[in-house]
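See below for the structure under consideration.
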Amino acid sequence: MTTFLAAQTPGLTHWIVLSGVLFAIGVYGLLTRRNAIGVLMSIELMLNSAALNFVVFNHFRAPAGVDGQIMAIFVIAVAAAEAVIAMAIFVAIYRRRGTLDVTSMDALKD
Amino acid sequence: MGLVSWLIAVPFLTMLGVVATPANRSHWIRWISAVGCGIQLALTALLTWRYWIVASADFEAMNTATLTQLHFVERVPWFESLGIQYFVGVDGISVAMVILTSIIIFTGVLASWYVDIRTKEFFSLLLLLVTGVFGVFLSFDLFLFFMFYELAVLPMYLLIGVWGTGPKEYSAMKLTLMLLAGSAFVLVGFFALYHASGLHTFDLQQLAQADYPRALQRWVFPMIFVGFGVIGALYPLHTWSPDGHSSAPTAVSMLHAGVLMKLGGYGALRIAVYLLPEGAKMWGLFFMALATINILYGSFGAIMQRDLKYFTAYSSVSHCGFVLFGVAALNIMAFKGAVLQMFSHGIMTGLFFGLIGMVYGRTHTRIIPEMGGLGKVMPWLATSFYIAGLASLGLPGLSGFVAETHVFLGGFFGNEWASPWATGTLTLIATMSIVVTAVYVLRGLALVFQGPITNEHFEHLDDAKLPERLSTGLLLATLFFVGLMPWFFIQLTESSLMPLLNRLHEVPVVASLH
Amino acid sequence: MIQAAVYTLLFYLFGGATIALALVTVLNRRMLRAVMGLMGVLAMSACFYIMLSAEFLAGVQILVYVGGIVVLMVFAIMLTQTVDVLVEVPHWSRRALAGAAALALLLAVAGLGAGVPLEAPAGAGIPEDNTVAIGKALMDYGPRGYVLPFEIISLLLLAAAIGGIVVARKTAPEDQPLTSGGDLADEGLLQTAHTQRDEEAWVPES
Amino acid sequence: MEHGFVIAHAWLIPALPLVSFALVGLFIRPLSARWAGIVATSSIGLAAALAYTLAWEYWTLFPAGQHAESLVPWSMEWLRYKEGLVVNIGVLVDPISIVLMVVVTTVSGLVHLYSIGYMHGETGYGRYFTYLNLFTFSMLGLVVAPNIVQMYVCWELVGVSSFLLIGFYYDRPSAVAASKKAFIVTRFADLGFMVGVLVLGYWGYGLFETVAPALATEPGALPLQPFDFRYLNSPEFLAAFGSIPAFFGLSLLSVAMLLVYTGAAGKSAMFPLHIWLPDAMEGPTPVSALIHAATMVVAGVYLTARLFPAFAASEDALLAVAYIGGFTSLFAAVIALTQDDIKRVLAFSTLSQLGYMMMALGVSQMAESLGYTASMFHLFTHAFFKALLFLGAGAVIHAVHTNDIWQMGGLARKMPITHLTFLVATLAISGIWPFAGFFSKDEILAAALHGHFTVLFYVALFVAGLTAFYMFRIYFVTFWGAHRAHGAEHAHEAPLVMTLPLMILGVLSAVAGFVPFGQYVHMGEHVEHGGIDFAVALPATLAALAGIGLSAFFYATASERAAKAARFFGRAYRVVKQKFYVDELYLFVTKQIIFHLIARPIAWFDRHVVDGGVNLSGWSIRTLGSESSRLQTGQVQTYGLWFAGGSVVLLFLIWAVHV
Amino acid sequence: MLMLPELMVIATAFAVLLLDVLVPEKRRVVLAPIALAGLALAFFALLATPQDGELLGGRFALDVVTWWFKLLFLLAGFITVLISLDLLDGRVRVRARGIGFRGEYYTILLFTISGMLYLISARDLITLYVSLELCTMPLFLLAAWRRDDLKSGEAGLKYVIYGAFASAFLLYGLSFVYGLTGEMRLDALARQLQGGAPPLLWLAAALIVAGAGFKVTMVPFHMWAADVYEGAPIPVTAYLSVASKAAGLALMFQMFYRVFGPWLHEWSDLIAVFAAVTMTLGNVVAIVQNNIKRFMAFSAISQAGYTILGFLGPLDTGIPAMIFYLLVYIVTNLAVFACIVWYSNETGREQIQDYRGLAQTNPVIALMMMLGLFSLAGIPPLSGFVGKFFLFSVCAGAGYHWLVAVAAINSTVSLYYYLRVVRQMYIEPPEENAPRLTASPTLATTMAALTVGVVLLGIVPVFYETIHGQTITWLAALAQ
């Protein structure tokens, strides 16, 4: 068992697929969540998976450096800024509309 | 600044003068425009005279040349990295077209003497438009050419849209869009030539010395020809013309039918045939056939029109067909015929539209059946109308005859790249138009000017006033001049047309490019 | 050997959990549960970072993400959602299309990403302390440093904060003209500005 | 060769009316109508004097019976189509052009003179003379044309003057319609002429190199050009050109000649292009006399004669000329029997006589060119008596203010001079010795007989009888018997300015036959045809007398005989009276076919299909726009879907590019 | 000193922020002039900056293209401030509710400008990404600036969701680029990639292009644009339509030329197709618009389609053509937007029909607007024509004659809708008693100056010739 498991040590591919799954779930969530905050959470999922990707690649492809990890740090910071900005807008909208249902936000259209 | 640049500058400066005049001084505006166009006319005379002196020396040499000889050339580098320059000059064709334009704009200004709505804007746009027209006829750089070309087209939108009548917005939009769509094709062709030549220049004379592969010429020639054909009212792309002309105010119709439609024939000749002789050989017969349709279709179309302007517009379609027919027939007579027809039709149709405007200004209707017997109260206008009509049906002694026989002979003589039976048959079909033209011209004019006066309101109308007599008189005199003394224009244009023809016979040699 | 086995086990365990939590995040109708799911995903990611020998990053992840962002979201949810009102039933077509898009992306990533054998460059060692390395890199002005993005991100955060305050702050009453200076607008000043403008008005049409 | 002054300056003959036209039209007319008439008339008078002098000088140079050269004393380059294809304008002096010049200036001068009285007090008096001058210039220009293009140019100009003069009363719808009809029908015929010119020009130019060296250029003259008649008529050209086959077994020469003949037939109103001529009578009567009887309508005959060698080289074309001419003469004569409008009867008689002339040309040969001479002779005499008939009719109309012969009657006593001159003319046209018509008609009949065109001979003979019948019919009805209407009672003789031309023409009609015409005008070697051939003269005179007798039987006294006869023929009579419904047929073709079947569908097609195509493209772009704008649903997640989908598509495309 | 312009912009931003706190409301009109002064200083600093050099070990570099982009960003920012200040200071006839907070507004604007300046200078993925976010994210807030306006809020919401989505895609793509090379530095990773590219790179390329396409509004990544443009305050719309788009193009430059350079040629067909689709869709949808901002949004989308034509050609013609077109586009579009801002300030209206009769009440401004619109349509001799001409020439030079035809026909179609506005202004009569509107000196001067630019850029060759000449020199230096 252990031998089997040890032989199955996740390689780069596994990690890529894992982050890919997370990314895809994020995409799905962004496209289906009706609550704006839910949408924002999906975005965080996607950003997180991207950050994970960087770290994975850093680990496997350039273990000598820490570039990927630094990128991940920046991604986290950007995600924070993103969250702040989005929350501000959501709050403002919620005040006027009393809802955060993104599907009801279609005053602007053709 | 040389003579040629002044020819472009004078209308523009006049426009600036008009713009600088306060809007409520409409009388000043008129006079400024009239004086500006008068100066332009004088400059044109000077140009013609000087050209004649300078160019007659190499009339003989042109019989074997493959590059047209330009005079009074001015070159200023512009966008050097792309080989774009300000390059103006004249050859015989340009001179003929400049004469036409000067006359038409001068008479057009006189014909618009009584425009009193937004006068300032009207005259500035008119002058801007004509600046573009002069620019086209004088520039020998494709970029410059194209620039002036669009400049000439666009003011039309506002001129028709603001001062027009009837469904003016629709007509103005249709006209503008169709013409610019045509220019889009031209542009594609220009770029193809520019890149295929490998010379990195838009200089027409240099591009003419490049060797374009047949495969390129095969598709670029129709592109350019059709592009210019739109403004030259090539069937079936002529349909902007009836609506546009009928909606436009008098001077605009005059300019448009008189000059702007000539840009098509001019461009087709100057650029399509000049640069792409092989393409011309390949497509000549096809476009001859289309032009034949034009000729007959326009004249048959005119028969049933109720509106004088539609009537004239369809006749223009027919007459512009002769221009394109001549260009496509690819021999010297046809080329000359095309240029002469451009000139002749310009004057004639300018006269037509001017007169229609004058009549409309009095009767307030352009519907043919609503008029009748006007010859009695306005003999001057009626006579002028009849002379214009007779010119349009090709009466000898007037300009139309000279042009049409040239075109017919040209078509009938055909060229060595098309079956003589085909060109001959097309010519024969085209000649039928002279009968149809007679039918609609006489029918239309008779309904308007002859017979008893149908509306007692018309009894008290007056005849042409002085500015109107002046403008019609000038145009009539030109019609007679060309008709009676055709050798002047023939001599003027022939030497510049020979190179075009010679190019068809020789594969252009890439000579040293200076 | 054991280590490797554990590593593998952890990968699959955490991986499965993460995916499950991510699904909770995007599928659960209750926002609070969803946000908990997100928190779980982010925490699991921190574990991944450790597995990928990025311990410092794991800390940052927990601190900033879980401690900051998620809390912010919880507050926002609390603020905007008095009760669990929003019934999240996206239209089936949207779900289908979104699923298709997500699947397509996933397939692309798996197909292309997994299909490429990418090997670590030979002879490259792992730095002993990546925390130090990261700290150095962030403060380094040289070719291996990231001081510039570090400064830029601070600007971004500042801008987000300033703008966030402006946008999210309570709106002024309806009748107050908000043309200038927000709710501090002084009607008198505005009037002055207005008349002043009239005086110095440039009349372009002469 | 030194020419006399007038020959050298023969260009003056057409130039005088031109100058007068310009002067009168631009300057004199607006100032004084009276002077317009005087200047116009005197210019023609001067031209006539020059024409006579020219004739005298010419036949002094080439005495009668000798070979007469054609001279081009003046020419200049006018249109250069291309190298070797140049149109010169010039003056051609040869026997037939001199004959025509004499005829044209004479008749025109007299008509001008007559018009001073006839048109007195009309509005547009000055305009009228301007037009008349224009016409005279154009006609003279046509006559002296040394090449086919100048011929065509002037041909069109006479057409226009005819148009202007027919529509002189432009506020009268019938006149307007008639003028249009005249112009358009002849224009239609001119299309053929023009195509003929194209064909001749094309092959003329093509063969010029090989043929022209044989034709020496006269010293001092401009080089020979492919359009020149001298070239076109040269045996060398005709031999080369005639050998080119065209289609249906016709040679190209025949095709070209038939095309040219179409033009000639249009101008000379040969069946079936004759319909414009009767209607052209809407113009002032002097105009009918000048243009539609004496001069312009014979231009077709003249053209055929001018190109006679070419026609003769093509037997088919000449046959067509002969039979169309013969048929027209019969056809028109039959119609003339039934018409009530005096001018229309005269018009149909003109048609009939033109048919004669054409037929005479058609039965002629190069070798046996009696018909050619006869045709020209008849043209010559017919000009005088037909002009006289018209002017006389004009005087009558002037007096009684109607054209309907049944409204006249008994005018012989009221208008003695008119009556007498009219009688002379009637006798002349009927072919009674010693009046002019007898000689020329005799020659035509002789030509037909000698040319072995027996059928045509009998037709011509029959037509001679018919002519006498209908001419005397109007003579009797107009001048004999009692006044039938109010107008006729108060009629009185015309003033001298009108009767003087009548008298001069009367004299000419009486004596012109004695001119030894054949001595002067002949083709090739002169054919001696002196004296009277009784084998021809006798039956002709008998036929004429029979016609006169029959006419007297029906119309000399007031009786019901004519009406009975008409009733007897019933439907046939009505068909003839309606001119065999040819007009209606034309109307059907123009209105129903050209207007409704071609022009209207084209106008519709243009508005709806071509224009519709443009509108459709506009519409489709707009529709595309509004449809695409529906993608902007306002749903941000839909946008997101597009984004994700777009990325996938992009990936696929990039992948596709690289695979 | 290479970073002086950026530092000046940032310093100005802080100065404005600080003054906003210190200065009382009445005196806050000084903020805009300070922002303008700062931008002007940055502009002059840029002029003094050499067109070549690097800082921070090559993380921050300057070259000709970079320099010109910075010039464009500063120009766009400067004009945006100019057209914003009347609205923000309340010098308007019809007051828009809820727009205020001048200090914060200018600060954020300046921050985004600095983000753009860094974006084009960035030479590694991290700086690139972070600066991209700096020039994107604050704009979400600016779009939602009128926070009690439903439309503005909605615009902000859509922008933030869509923008974050796109940014996540981009980031994900960047991660693969990093993964394939293990390098963050652009030059290093490009060197690595030159050896050959596994299919994963195509995924990265697709994701990155999608992310950049979002910024330049390339179809089908354009869909946010219309809604956001319509909802955002007009000066912000103006800024989005030029500066943000320019930043997107800068990003494309960075990626296409520095990373995917070797494959750019092979992707020509794709670029051509996307350009064609972008311009066509933008044009046909613009036809049916009634709101002028929305209308300008689609017009801007089609302009993006023209701009990317430059990627088809070789560097020495494609780059100058694109930069020049961007310059022309910024000037022209802002000229039009200045008029729109002015009209909205004066009347509070933004439907196309509202412009009826403007030529009779305010002929000069109508003329300026018409010139701007015609320039956008590519009518000679205005600069838009010249710019398009060069782009088309590049396109034709690459052998894409069909695309030239499509583009030229599209210009014609675009003329149709520009003429719709012209028609309202010139042909339709004004409403009864429509007053003659006045313009504030600032706005009037701005409009006039921009109009002069619209005309002169096309006639005076020096701008294009300079860009072209410098690019050639730079490329020659690179090649050695």
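Every chain is named by a letter (A, B, C, D and E) in the order it is written, and numbering of its residues begins at 1.
Basically, contacts are C-beta pairs under 8 Å (C-beta built on N, C-alpha and C of every residue); 3 or more make two chains touch, one makes a residue touch a chain.
In this text the structure is predicted, and so the values were computed from the model without any measurement.
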If a chain touches chain C and chain E alike, it appears here: A, D
Farthest chain (mean CA position) relative to chain E: D
Per-chain Cα centre nearest the global Cα centre, belonging to chain: B
Which two chains share the largest set of C-beta contact pairs: A-C
Intercentroid distance (Cα basis), chain D paired with chain A, Å: 97
Centroid spacing, where centroids are CA-atom means, of chain C and chain D in whole angstrom: 98
Centroid spacing, where centroids are CA-atom means, of chain A and chain C in whole angstrom: 7
Between chain D and chain E, centroid-to-centroid distance (C-alpha), Å: 77
Multi-partner residues of chain B (at least 2 other chains): 177
Residues of chain D whose C-beta touches two or more other chains: 618, 629, 632, 634, 636-638, 640-641, 644-645, 647-648, 651
Junction residues of chain C, two or more chains touched: 94, 97-98, 101-102, 105, 108-109, 113, 118, 121, 144, 146, 149, 153, 156, 159-160, 163-168, 171
Complete list of chain pairs which touch one another: A-C, A-D, A-E, B-D, B-E, C-D, C-E, D-E
Chain C-facing residues of chain D, complex: 637-638, 641, 644-645, 647-648, 651
Chain A-touching residues of chain E, taken from the complex the two chains share: 125-126, 129-130, 133, 137-138, 140-141, 144, 147-148, 150-151, 153-158, 160-161, 164-165, 167-168, 171-172, 174-176, 178-184, 226-228, 230-231, 285, 288-289, 294
In the complex, chain E residues that touch chain B: 320, 359-360, 363, 374, 379-381, 385-386, 389-390, 392-393, 395-397, 401, 404-405, 408-409, 411-413, 415-416, 419, 422-423, 426-427, 461, 464-465, 468-469, 472
Parts of chain E lying in touch with chain C, wherever the complex brings them together: 10, 17, 25-26, 28-29, 56-60, 87-92, 95-102, 104-105, 107-108, 111-112, 114-115, 118, 122, 124, 126-127, 129-131, 133-134, 137-138, 141-142, 144-145, 147-148, 156, 176, 179-180, 182, 185, 198-200, 202-203, 362-365, 436, 438-441, 444-445, 448
Chain D partner contacts - residues on chain E that touch it in the complex: 157-158, 161-162, 165-166, 169, 199, 202-203, 205-207, 209-210, 213-214, 219-221, 223-224, 226-227, 263, 266-267, 269-270, 273, 281, 283-289, 413, 416
